[in-house]
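When the chains are written out, they are named A, B, C, D, E and F in that same order, and each has its own residue count from 1.
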Amino acid sequence: MIFVTRRTHFNAAHRLNNPSKSEEWNQETYGKCNYPNWHGHNYIIEVTVAGEPDQETGYVIDLGKLKKIIKERITDPCDHRNLNLDVPFLEGIIPTSENLVKVFYEQLKQDVEQSASKGSVLYSVKLFETERNVAEYCPYRWTK
Amino acid sequence: MIFVTRRTHFNAAHRLNNPSKSEEWNQETYGKCNYPNWHGHNYIIEVTVAGEPDQETGYVIDLGKLKKIIKERITDPCDHRNLNLDVPFLEGIIPTSENLVKVFYEQLKQDVEQSASKGSVLYSVKLFETERNVAEYCPYRWTK
Amino acid sequence: MIFVTRRTHFNAAHRLNNPSKSEEWNQETYGKCNYPNWHGHNYIIEVTVAGEPDQETGYVIDLGKLKKIIKERITDPCDHRNLNLDVPFLEGIIPTSENLVKVFYEQLKQDVEQSASKGSVLYSVKLFETERNVAEYCPYRWTK
Amino acid sequence: MIFVTRRTHFNAAHRLNNPSKSEEWNQETYGKCNYPNWHGHNYIIEVTVAGEPDQETGYVIDLGKLKKIIKERITDPCDHRNLNLDVPFLEGIIPTSENLVKVFYEQLKQDVEQSASKGSVLYSVKLFETERNVAEYCPYRWTK
Amino acid sequence: MIFVTRRTHFNAAHRLNNPSKSEEWNQETYGKCNYPNWHGHNYIIEVTVAGEPDQETGYVIDLGKLKKIIKERITDPCDHRNLNLDVPFLEGIIPTSENLVKVFYEQLKQDVEQSASKGSVLYSVKLFETERNVAEYCPYRWTK
Amino acid sequence: MIFVTRRTHFNAAHRLNNPSKSEEWNQETYGKCNYPNWHGHNYIIEVTVAGEPDQETGYVIDLGKLKKIIKERITDPCDHRNLNLDVPFLEGIIPTSENLVKVFYEQLKQDVEQSASKGSVLYSVKLFETERNVAEYCPYRWTK
């Protein structure tokens, strides 16, 4: 099994706020991340596809195609945008990194798997909010 | 002459907009950076002090003191804030990296030079908006 | 399943030496790492928690809380210290990266899991001795 | 289970071309990577060994020994070389990252496992063609 | 004086060889860099412009324009190419990093200074052949 | 004028202590850096040579030769050593980064300038104690 990863980036504003909760709850829960006038990040996203290389091309997935899918599905809608206000597929989502990677995975799955070699799967999506704070969604990496 | 640098970071939202100009001018000049609902960055700031090490301590400046000055003067007012709306010393400034480094330099100069060894100067302030886009203010590095 | 990682650092001295063995064995086994007067590293530690985000907060774990636990359990006792001499929970341990990650995992497990969302586990602890030499302890990632 | 990783690098030229296909197919499939006069990369390779630390040394594997094996088996034959023309064990392989990691894994497996602690395995080989494009071969990390 | 830097990258093959010298001289002088079948690098280029920000835009130079100039003048001709064979403006140049930065500077100077604020100059071009080997051309930074 | 830089690294232990001062003065001045049982760093050193490329080789300095000089003069004596106890040329020096770069520059100057192209100078030595704390010695970069 081979894992192929493409890394790219976008810049966005956001804040953490649960509108079904009180202002006090939000301030206590989210601290500086709840400040009303937004803050932002240089997000880095890593998308990993797992599978066997195609015999003819030697590719699990053409990274040029993967780059284009990430651009259309994630970067174009999110770059230089406000993740709470501007992105249709994030409506109603509290933009923690945990929630973002789950939604990004769903946004990418179908297109990625159609462009990859036979039997390949979208293995994981990893999001660096900063180089110190990271979230990853991976439905496959787990054995207890 | 010895140059001592402290590197730190903060996260903030901003947009580029010159309120004395038309909406069209702003959209054409700033492109995605003018989007109305803000975007943001993980800013990295590098502050450099130039001088001779103190004979007793071996320090041009105690980097712990420099860290504290940067925190009080830059990071605490800017972190998780909106640079257009929330920071008193940035009022009326279009927050391009070029303008930010100039203001940050002025914010730091007096405190830094009082904490550094005799004769030392605040040499430069460098700001990474992203790892690809960087601005530096340095009143000393220039000979044509 | 979502994986959330916090990355932080500390600086420490150490040497590799097995006191139950001869000086010759130690020199041959550990080479430069056995030099008597210590050497040191800028250690980087990455702590990963796996689980489902809490419905109300969107957090697997509040990274601010995780940061505080790592500081109390690992960074405060180890930073600017000698790992062979100064850290009570490392007494009797040869401080290879392999041994350190195992002990760090045990130091963190209970506090981390109590602060994380229901059902979450401390998934792994990764330690960069340098950017070239890395060890990770993970009791979950394995299927032969 | 502990995972120990050694990271190193080499510089090489290559191009992607399937000699059993037409020129048109190759140009369309590989784009710029098919340009006739070669291009090149600063490859970074990460080799991970999984096992239990030896009781006496505290090592899963002596990273000095691992470094030497990677040098003999991978870096010496590949560094400053043309991966299509100069490396005997790559003959007949289209040098995509996917194909390279698989062959590198096979080149390393026996020597690495003989130098590691009892029961340890060569867990994975990861290759960064650039910091944005990465492939990894790992026969163990998979549960559907 | 404010310094604005844009960082970008390209991948290329090259070898070092002085055709006016003997094969022995070249092998002795350049070692592995003289191997006949080429090797390659992920080159990183940093272009720095020095000047005063324009009053209306707050820009020394619009980094989007700078990005476009670097693409047209450097990246498009060099990316995925052989620096000895494929790039018209490098004909007759031994492609050491020292020689490359000088030629790149000349390729960029006119376009960059026409796009920058009044009085700004192309201050320097820096080229990372690897993260360990770097060359910079700067006609301004020097006082003996 | 062209600037050529070689980056390398070594790992060492040290502590900051001025033996001509009281224990109280040292604790207050140096804080954690004064802890008695040492701490350590993964030091990164960058050595920059300035000059014109040799006409025949295209080199300001052969980076292979520069690498060898740094190894003999700096890395071999300092790597895996205690900078307060083990390094003859650091005897009597308080090992702050400021003091280290000055001594490293003097250690390197003669050998480097003899190996570089005619008229070249050792321009600067830069030392990263961590990626956040950096010192540089440069006798040339200064105009007030």
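Here is the rule we use: a contact is a pair of C-beta atoms (placed from the backbone, for glycine too) under 8 Å apart; a residue touches a chain by one contact, two chains touch by 3 or more.
Everything numeric here is computed off the predicted structure, so don't read it as measured data.
Shared contact partners of chain B and chain D comprise A, E. Common neighbours of chain D and chain F, by the contact definition above: C, E. When the contact pairs of A-D are set against those of C-F, A-B or B-F, over half line up by residue number only for B-F.
Ranked by distance of CA centroids from chain A, the top chain is F. For the self-contact between chain A and chain D, the two sides draw on mostly distinct residue numbers; the shared fraction is below half.
Chain C has its Cα centroid 27 Å from the Cα centroid of chain A. Contacts with at least two other chains are made by residues 131, 141-143 of chain B. Contact between chains, using the touch rule, shows up for A-B, A-C, A-D, B-E, B-F, C-D, C-F, D-E, E-F. On chain C, the positions that touch chain A within their shared complex are 1-8, 50, 53, 56-60, 62-64, 140-143. Listed in rising order, the residues of chain D touching chain E in the complex are 9, 11-14, 32-33, 35, 37-42, 79-82, 85-86, 130-131. Every residue of chain F that touches chain B in the complex is listed here, in rising order: 16, 18, 21, 29-31, 93-99, 101-102, 131-139, 141-144.
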